[in-house]
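Okay, got some structures for you below.
Below, chain A partners chain B and then partners chain C, in two separate complexes.
For the complex of A and B:
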């Protein structure tokens, strides 16, 4: 029999199992256990303080969440949907527009693309601090510009009428570069011949966009819509920094974070909110993916 | 022919692997031992202190740390801080508690209301949860506790006969109001002692083109005013010594539905609040608590009043050292004798029972508590003194406080609310209330009542 560090032929059959045991162990410890713990904690009253009692209470947290239709959970769900829809639509529009504008050769266009992509690499903390200073109604430049141009003033992030819109715009500013890059990759895969044939047929710009560009970018749109929407459904970091969830900006992710990890934290209640967030993301993600895939096939 | 993957260069790989494996084991063992001998030694003598960011407090803590290191050669003090804004502090606190990597931990004290009765089924958060799960050292018998006012220590960190923290700081938070002495003097005003006088002063300022009141509305600091008013109204005529009992009875009355946010005292509060808020900076809703003290300080000729706790004294004076400023508690009633200073215990040092360096932690607290060191702390932070032999320092803005400390009382706590209750159940949401928000005050009170009753009903 051949001397082999991996054992005999009989023992070698265990090698694949041994090989997957390490990642499987990692998955059990870092994915399955926290997920199962979240499900369990959502059925308890637990502050999250290590060593503090974990009191099983069944569906008490779920009951409390839906005690009132005007309660914070419903409000947070509504805000999350508006936020996700707003960011997704605007990011697709701006990302596609910029991709079409900057999908050209030349050093300057490379620079422009880099500039548009640049906010993506900034830390959320930096972006939050930056816009908090820009939008400060006493010392910020935005107030001075608004006052100089229109003689008006605004509390900006402290104004419930516009605070959510401002956060949507800041998010779009930060991540549009990413959407643009995916669209540029999609644009470069569209055969030139299609545009040449359309030009010969006398198609105008709008007709070429509607009949060639947009349908051919279906796969890129699927990726962009799915990634953007999923990212937004769990958003909280930017909101903490800009408004701390005040002024009608409390998303379900933000509410969950505050309950689970904020001052006077309640991990049990926060876990219940995480479960709701998970269910919402699963349903919306599934529907969005199904609809976009179906659209791809139809196009 | 199928190649034998187990043969390497004609030499049995097992013969190669054995020395390699031995070498590997030796290397790993050597590195582990090296880590244990060097890093282990330093970890053994590193005292981990964690507190939230308050520039003056952090600077003074570092001075105490340096002194401690000097007195304990070979010991290193590692200080970790995080701002209370943007969930920084709760995140750091959770992290060090989960990793059990802290020896001295700053906490906001729970006070007696932090331990709701069992019939409420409320799961307490930090630090009450640490106390009830026996994870904080009982310091009642520590020698350094003799320096502190016992009543004060029992109020802020007492539970079931023990004292689970060192009450290092105390401020006036609810009702806190800063003022610019020069602006008041310019218009021949003194510190307002009644509600009507305050409103009259605001009218004069407004008539002269001055915006009377500044507040960090983005972070809800207008709530300091709302709570300040009802504290004065509820406590009127009540001896300071009865504040704790009154506070607990109020919590019980709320839970039993015998007191509601629509009761007359809160209607009066809302009415007074609305009047004062007519005089605030119009865009105050966008002003953050982090920038507000400096923004107020540098505008010497505007905003004579600033709603904020006394803990920001040093931040304000650092932003504008030449500013002549003062501090008083908002007069919520029209009887000067009833308008007193509502006190709020603040930073409380705790030591976890599982702390790796418990002895060092207690030695550090002993050093901190020495009257000469504590005197430096209160001077640096602007805190009211909680040590019996150390007087509250005479800073340029503490004259009103010094004159009113003898009848100051412990501020009322917010009613017990079930876990997950809407934020306005525990107190009307002044961020949603006009003029910061769009909801009329009367509606906000009704919303709070409805949300509180619903939450309690849901919990039962």
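For the complex of A and C:
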């Protein structure tokens, strides 16, 4: 602890407290309290209707969620896992591929990087409108291409077999640019001498990648996997726009939003779902971080 | 020797065309395609949904503009993005400085506390109940209050302030410089690069937020443009030229901002300048962003 040098002898003791008072109070009221209250709400049947009782009911929501193994909550947990795993794997593959392709000097390459990054700055509403248009089963170009090439047709986002995959791909389209940039930052930190030495030893493209690039990017991979997986576990804004949780795309976040702010207004059940999402984030985040850190040390 | 020179040229050409095809074809073309649809009349779109417009019309833009109320909504968006952005950064500095300098007995504990609270359960549902109880629900000032305490960048600031030498504090204090003046005149200018990066990311995140306006604002006159476009889409379900025009109107301000700041954003992240910064919308869940 160091003393604050500012102010007179009398004021310097409370100046630091004054400094943090407003942001800390705001934090308590609008961040910490809502988080803590979620735990309590998840133990109630609160409907959120003004004047209605909070109705404490213990673990009733948790019991209801897990009584049947085929219930919507289990389904949502599975969908969330597939969604998060799919986006993370694809985004790492495409992000790394694009980073290695576009990490070159020249004005054109800086334009290419900007184009790949661009979808990131659009609101989910814009991206949702864009892909609803492209994947429209009657007037969309995806339909025309599919029909022209294979004579087939599809309901796209309305087809339960592929809608989750499509949403995964749209998510990857939107955020690959960020993954790419983190990888580019990593690539720029790899010393050139390593590649020169490898070239002298006659290493081919693949062994250079496997022995130098991939291990040297371990820290960037940790950041990318962690950020992408954590982001996906809580993401549902894009799903609201594209399918509204129908056709096998009900993630846990989407289910929570629908329960709490849809027609039912089940704030208690919704809070329980928020708790499940939190537990999932905690477990997966912890495991991912632990595994990747260990890997970083080994490589 | 000659052969290898030719090989290298071919290789460079291949890399260039592959890069062009991917970045232009996969990332730019969908947006251009959407924009093209906005110039078709609805009958023409039904006849020829995927081709180029044969007679270009601006009618969709004018009717989208008047029917979608995008003018007032753009102003709302600007207010919702700018004010919380400035307030959050300012409060973030005042929170980070004393903790970073270790003025409290438990500075490290406080620091850990604020960092870990970013990983708590999403509090969207209690926040909604709280907002209604405090009369912050469905009004502009209330929405600004709710969004101004997200604490963006706080823990990045703590690290950044540590890199500003302490000797400046003592010299300034000896000269009789007050605490508030020291932070606003010395510390904030020193933090300009970090603040600029977080200002841009924070602005874009608030501008793009859909969930919070969906939950907190029910009057159409209060909607930001993201919420407005969502309503517009549900209202005109399959009238794609009109929706495309609305989308273009909403996208243009963001595209202009991106065009101006593209270098800083892209090279900033690629250069590792904001390595700790969250991506624009993905990231660890926090009450207001991930909600």
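Assume the second predicted complex is superposed on the first by the 287 of 299 C-alpha atoms of A that agree within 3 Å, B and C clash if a C-alpha of one lies under 4 Å from a C-alpha of the other, contacts with A are read in each partner's own complex, and residues count from 1 in each chain.
Here, contacts are C-beta pairs under 8 Å (C-beta built on N, C-alpha and C of every residue); 3 or more make two chains touch, one makes a residue touch a chain.
As the structure is a prediction and not an experimental result, all values here were calculated from the model.
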| item | value |
| --- | --- |
| Which superposed partner A:50 touches (first chain B, second chain C, both, neither) | both |
| Partner chain(s) touched by A:26 [first = chain B, second = chain C, both, neither] | second |
| First (chain B), second (chain C), both or neither touched by A:144 | second |
| Touched partner set for A:107, first chain B, second chain C, both or neither | neither |
| First (chain B), second (chain C), both or neither touched by A:192 | neither |
| First (chain B), second (chain C), both or neither touched by A:10 | neither |
| Which of chain B and chain C A:241 touches, first, second, both or neither | both |
| More chain A residues in contact [chain B versus chain C] | C |
| Which superposed partner A:275 touches (first chain B, second chain C, both, neither) | second |
| Overlapping contact positions on chain A, where the chain C interface meets the chain B interface | 2-6, 46, 48, 50, 128, 132, 136, 138-139, 240-241, 257, 261 |
| Residues of chain A touching chain B in the complex | 2-6, 45-53, 55, 57, 60-61, 63-65, 67-68, 71-72, 128, 132, 135-139, 143, 153-160, 240-241, 243-244, 246-247, 257-259, 261-266, 268-269, 272 |
| Chain B to chain A touching residues, read off their complex | 4, 6-7, 12-14, 17, 85-87, 89-91, 94, 97-98, 100, 108, 121, 123-126, 129-130, 132-133, 135, 217-220, 281-288, 291, 295, 418-423, 431, 436-438, 450-451, 454-455, 457-459 |
| Interfacial residue positions of chain C with respect to chain A in the complex | 15-16, 18-20, 22-24, 26-28, 30-31, 33-34, 37, 45-46, 49-50, 91-92, 94-95, 97-99, 101-105, 107, 110, 114, 117, 119-130, 132, 145-146, 148-151, 154, 169-170, 173-174, 177-179, 182-183, 204, 207-211, 214-215, 226-227, 229-230, 233, 238, 240, 243-244, 246-247, 250-251, 254, 257-258, 262-263, 265-267, 269-272, 275, 278-288, 290 |
| Residue numbers on chain A that touch chain C, as the complex places them | 1-7, 15-16, 19-20, 22-24, 26-27, 29-39, 41, 46, 48, 50, 98, 101-102, 104, 108-126, 128-134, 136, 138-141, 144, 173, 175, 177-178, 181-182, 184-185, 188-189, 223, 227-228, 230-237, 240-241, 253, 256-257, 260-261, 267, 270-271, 274-275, 277-278, 281-282, 285 |
